[in-house]
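By letter and in written order, the chains are A, B, C, D and E; residue numbering begins at 1 in each of them.
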Amino acid sequence: MLTAILVMALGGLLLGGVLGWASVRYRVEDDPLVEKIDAILPQTQCGQCGFPGCKPYAEAISKGEADINRCPPGGEDGVKRLAELLGVDPKPLGEGLEHKPKSVAVIDENLCIGCTLCIQACPVDAIVGAAKQMHVIVADQCTGCELCLSPCPVECIHMEVVHEDVATWKWRYPVYTLHPTRPH
Amino acid sequence: MKRLMRSAVSNGLALVAFSVAGTALLAGTYGLTLGTIARSEQAKQQALLAQTLPEGSFDADLIAHTVAADPLLGTKKPGQAYLARKDGKGSGVVLEVTAPDGYAGEIKLLVGILADGRLGGVRVVKHKETPGLGDYIEVEKNPWIRQFDGLSLNQAPAAQWRVRKDGGRFDYLAGATITPRAIVKAVARALQYFERHKAELLAGAKE
Amino acid sequence: MTGSPYNLHVRYATPQIMRQLMLALLPAIGAHVWLFGPGILVGLLLCSLFAVGFETLVLLMRGQPLGFYLRDNTALVTAWLLALSMPTLAPWWLYLLGAFFAIVVAKHLYGGLGQNLFNPAMVAYAVLIVSFPIQMTQWAAPAQLAAHVPSLAEAFDLVFAGQGALSPDAYTSATPLDHLKTQLRTGTPMPKVMGQPLYGQVGGSGGEVVALMFLLGGAYLLGRRLITWHIPVAFLAAVAVTASLLQWHDPAQHAGALFHLASGGAMLGAFFIATDPVTAASTPKGKLLYAAGAGCLTVIIRAFGNFPDGVAFAILLMNIAAPLIDVYTQPRVFGTGGGKP
Amino acid sequence: MFTQEARDIVVNGLWKQNPGIVQILGLCPLLAISNNVVNALSLGLATTLVMTVSNGAVALVRNLIPHAIRIPVFILIVAALVTVVDLLMHAYLLSLYLVLGIFIPLIVTNCIVLARVEAFASKRSTWHSVLDGAFMGLGLTLVLLTLGAVREAFGKGTLLSGLDLALGPRAAAWTIHLAPGYDGFLLAILPPGAFIGLGLLIALRNLIELRKKEHGPHPA
Amino acid sequence: MTRPLYRFHGGVHPAEHKAESSGRPIATMPLLPRYAVPLRQHIGNPALPIVKAGDRVLKGQAIGQADGYVSTAIHAPTSGTVLGIEAQAVPHPSGLPDLCIVIESDGEDRAVDYQPLDWQHLDPSALRNRIRDLGLAGLGGAVFPSYIKLNPGAAQKIPTLILNGAECEPWITCDDRLMRERAEGILRGAAAMQAMLHADEIIVGIEDNKPEAAAALQAAAQQLGLAVEVALAPTLYPSGGGKQLTYLLTGKETPAGGLSTDIGVQVFNIGTAYSLYRAIEFGEPMISRIVTVTGHVGQPQNFEVRIGTPVADLIRQAGGELAGASGRLIGGPMMGFDLRNDAAPTTKAVNCVIVKSPALFPAAPPAMPCIRCGECARACPALLQPFELYWYARARDFGKAQGYRLFDCIECGCCSHVCPSHIPLVDFFRFAKDEVWAREREKEASEQARRRHEFHQFRLEREKQEKADKLAAKAVDRLKTVETGAADPEAERKKAILQAAIERAQKAKADITPKNVEGLPPEIEQEIADIDARRAKLRETAHAKDEDSE
């Protein structure tokens, strides 16, 4: 009996020692999970999730501080992919959040006073211009985050839905009859 | 470096503490149950053996001793025989018998034989027969194996130690004849073995 | 938005493929009736009725178009294959249970036509043989060996009312495969076993004629290009090779290639069951591998297993492996100059 | 004492996070030993006992366990408890012990035990941990019991056969014969029956959840 | 004729339906009052319009120029007035409108002064640019800008030139007729191609159901004394696929994801060769092509059609739709698509218009589940496993679908054609391909957004830092001034403080008016300049108004 206890104690000492050493030696500082979550988020940097950008939201998700259904631009599809990554059940978008069709901001050139406030608000530097100059939004770079709308003192910015055209059109998921067409 | 060492030592000691506590708990339980376990096992073994001998045919715990391997027992290694006693004299013996030709390999049996050469009972200890087909030899599934109770080589002549299909006296279930054939043969051989070694088996002198 | 609208001149649509399969089974059924009496017809009828019944029921429950799917004939094909693998004159509830497991469990629980991982008829067969080994091994005796060949009316009687009037010994016998195994286990040497009347010329009297008819039906399917040569050839070759190897290793304990090919479900399996496209491997190389595995396993299970025939288990086992086989045998794509995708 | 949290723990264990049919953990004993009611119940209760005590024990000392060696310590605690149960059963319930065989020591490796210890007991209060262990165990037992009952009923046409193994020979008479003359559907008792049975149970639960979602007063 | 042929895997034999239209000679469409020339006709970037509403144009005048490398020019089909550049119905499977230059014909059909190309003496690069500016693009269906394909590349040589006259799709006969009637032109074009590519041999691949076309080409070759091999390939769809024809004639497989030039082969449609002939001999841009109009029409026939001709007019010319017509198909029945709006104009890609009727094109029977019978795999000329692809495309598992080489599918439609369960397989593959591309684009965009956001954060941080540094420096300066003192320390100190405050205010003002005008692409700078100019003008007029009112 004493031998049993001694053997176990020795084993414990050894294993505990190795694990204790390894826990300090091989500590992983950065959480790669954040990167994976961030890669799924659409990078609109719109802040609708309540965090200042996609990366902070990703960090909050990885820490379990935020739910996965706070990102409207990602939509249901984004929630589903987050759920898959994290091994949890997908859920509908959170309250008050809804997925909108992809839009870009457009500045009304007749109203813009060149105040640069929207330039400072744009998280992806998609607005170009300088003080007292008309500002222009580069449509290709605009993520549709709407953050430039409220700072504008003259309300010259509005959102325009991006419509499908021949170049961006996609073949739809085939719909084909599984039911017999009734003869005559 | 210092941090590494400190972490190693503190974790090591913590695990030692838990190991010692756990082992102590186990050691205690082990000590407490040791006797009971031995007694239970003993009782279990005796109960199994007792199934192969009629009630009242013995009055003391059976005694195990080793018998050499014998083709009649179907064994290739020395096995056990258990001596039953009544009033201090050998009243019967339980043999470990193997039927080598089951449908799916060997069938291990316990064959209880009374001193007068009558069968006390037969029980299957281990087999690999097809479930639902050959496994009616288990007493829990079918009373088939009780057919042997009370039979002896004298009562049933050699020709009758076969299943009905082959002209013998033993029932079988349609579709599975190999298994009962194997058992009948093995039991008959065990009886022959008993006839040959009756004296030494019942003497139990090596006590 | 239609893509290629030219999807019209299909040689055989799926329902017709199934009809052709049934057509190809007819010679063997005929031979069976001639050699073993009309009992098999009762089985075919019952199995078909039960299978179509279950199919209807499940389709209704799943809210799928009834007429459309019933017309595809797949339930009937499954029923026939099952009835042909089961002993003739089995009790009616065995057919019912078999149809249930084939149609409801093996087919629809996996998603219905085209989605099943396992061959439905073989699943049903496996369930039945494992659960009811006694009933599943009472085969009708060949006409010239049986004391009495049940007429159609008697067959109905037997199936529904149980054995009743006739003792099973009068009209049943073990199949050659079963018998061979029993005899070998009890130590009868191989040549002596083969001399017994049950064995006929090659693989059991009567049995070899039915097997020949399956071969004929298979040849028809091949000729119509409804199946490719890969699976039957590989399957039968593997059976022959494995059997020959075993016989060469221990002639006293193992029957030869011809016996194995002509007995049990070898021919039925090779042409009609292993070739089920839904559950078989589908690349050319994969088909060869899949069928060779099934053939080899068939003989091994027959020789060493707990049940007399191994075709069903062998095919089910290879069904599991089929998707993996497909992954590793993808053919070279045009312009990739060899190597796997 | 039965706060909302405690109630949640109970519901989680028995239904929402049921280890057997939701988390699909601990399948090894679940499938191997569920061929009749008595076996299933016995193993289920043994597992419940281990889970309750180990959850409690871990929660009690959770603040003393260094993070780096928590897993070895958990396993140590669980293994010690399982061995105690094993020894006790060996001593006092030998027949049952022989039937359950290797599956008693295997409780150590049953992932549900370690999963609850790691996911719950190492973070929560002792009382809640005990509750969680008990009801997770009971949830598993419930599934085992259902599966055992279904398999036994279909496979043999009986219920509670083998009760004598646990309660002595007298209990042999308590076996319920559902349908006299029923030959039994062997597949249910054989291992494939366990898989099919478990699959059907999971399907049943999903069906119930689905119905609840469709007709429930609180659409999710 | 002795050339050994290599049979490619799979393929199908759909009913040919060639006789309907192949018997009549190519007719010319009369001049129409209006043409709409889509900017997007070829693969690559759409052409950039170089005319505006109200401009008068001549026939053959460039109205759009190539935009970037993979692009080519478009030209006015007749003389007239540009009505505008507007979104119009175009022949596209989506049915969505796209930008077209609409020209109203003036009825004179006056052409620009065509200048033949002195191709034997022109610098190769200059020659190719001229070909680009003449708008040449492949007429076989892919509409790839021809000038790119006529570049022999780094090796300065492409040994084998294949002319594709297989025309394997049912119904279509435009190439057949062209070969029969204009063989000499085709071969002259081919000779130019051979010279530009430095090719050793010219092989024409023709399916053996077009013996007249083959004979015509052979005769023409003899007449021209041109070494051209006319190979008759067995009739088997899709032998007219570039990769299939290459394999058929040379036994070489075009590498997956690669080009035929990788194996020293360049393939041109015979129609393209003919257009090249017209371009170099007469300096004529690509303003017309041969189009088969067939199916349920009064008189199926081939027409020489100006690019931009409304399909409705074309059908009317072929005797109009017969009673019971059930739709129109652009291209052949195997790879074509339904035309939603017959106001859509023909383009360089439109080789055939088929009017459907329920008898000729019955509605697709209802699809059944796939039973993995493998018919599709046996029919697939790309050696794919369409049923596996279908499985994953249907489940939207695009990663797996790509693993089964989704992008090696040439969408020939053989699999759909043979499927006993009537599954529209190709539709699924097109869906999957587009979805993969879309996701790729989305990923690209979000990656770009992430990078830009990171830079934005970095810039804010940097600006804050710089501002802080400057303030700190100022403070030190001020302290120094204060410490050193002056004649009137008190007044001096106050002044300094005041000065510092002013400076600080100015600095802060400069800081909060960040500029984002560095490193902009020229077109955006241009845009800003334009807008500012407009705004300035607006202000001026406003001022002017103000002054008026005063």
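The rule is short, and it goes like this: contacts are C-beta pairs under 8 Å (C-beta built on N, C-alpha and C of every residue); 3 or more make two chains touch, one makes a residue touch a chain.
Note that this is a predicted model, so its numbers are computed, not measured.
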item	value
Number of hops, subunit A to subunit B, where each hop joins two touching chains	1
Hypothetical removal of subunit C, resulting connected chain groups	one piece
C-D or B-D - the one linked by more C-beta pairs in contact	B-D
Reference subunit E; chain at largest CA-centroid distance	B
Distance between the centres, which are taken as Cα means, of subunit D and subunit A, whole angstrom	41
For subunit A paired with subunit E, centre-to-centre distance based on mean C-alpha positions, whole Å	34
Centre-to-centre distance between subunit E and subunit B (centres being mean Cα positions), rounded to whole Å	85
Subunit B and subunit C, separation of their C-alpha mean positions in angstrom	42
Residues of subunit C touching at least two other chains	1, 3, 68, 130-133
Subunit E, residues touching no fewer than two other chains	93-94, 364-366, 368, 424, 427, 430
Touching two or more other chains - residues of subunit B	7, 10-11, 14-15, 18-19, 22-23, 26, 30, 131-132
Interfacial residue positions of subunit B with respect to subunit D in the complex	7, 10-11, 14-15, 18-19, 22-23, 25-26, 29-30, 33, 36-37, 40-41, 43-44, 131-132
Contact set on subunit A toward subunit D in their complex	12, 15-16, 19-20, 22-23, 91-92
Contact footprint of subunit A on subunit E as seen in their complex	40, 90, 92-94, 96-98, 363-368, 396, 423-424, 427-428, 430-431, 433-435, 437-438, 442, 445-450, 452-453, 455-457, 459, 513-517, 520, 524, 527-528, 531-532, 534-535, 538
Complex contacts: residues of subunit B adjacent to subunit A	3-5, 7-20, 22-24, 26-27, 30-31
Touching residues (chain side subunit B, partner subunit C) in the complex	101, 103-104, 130-133, 173-178, 181
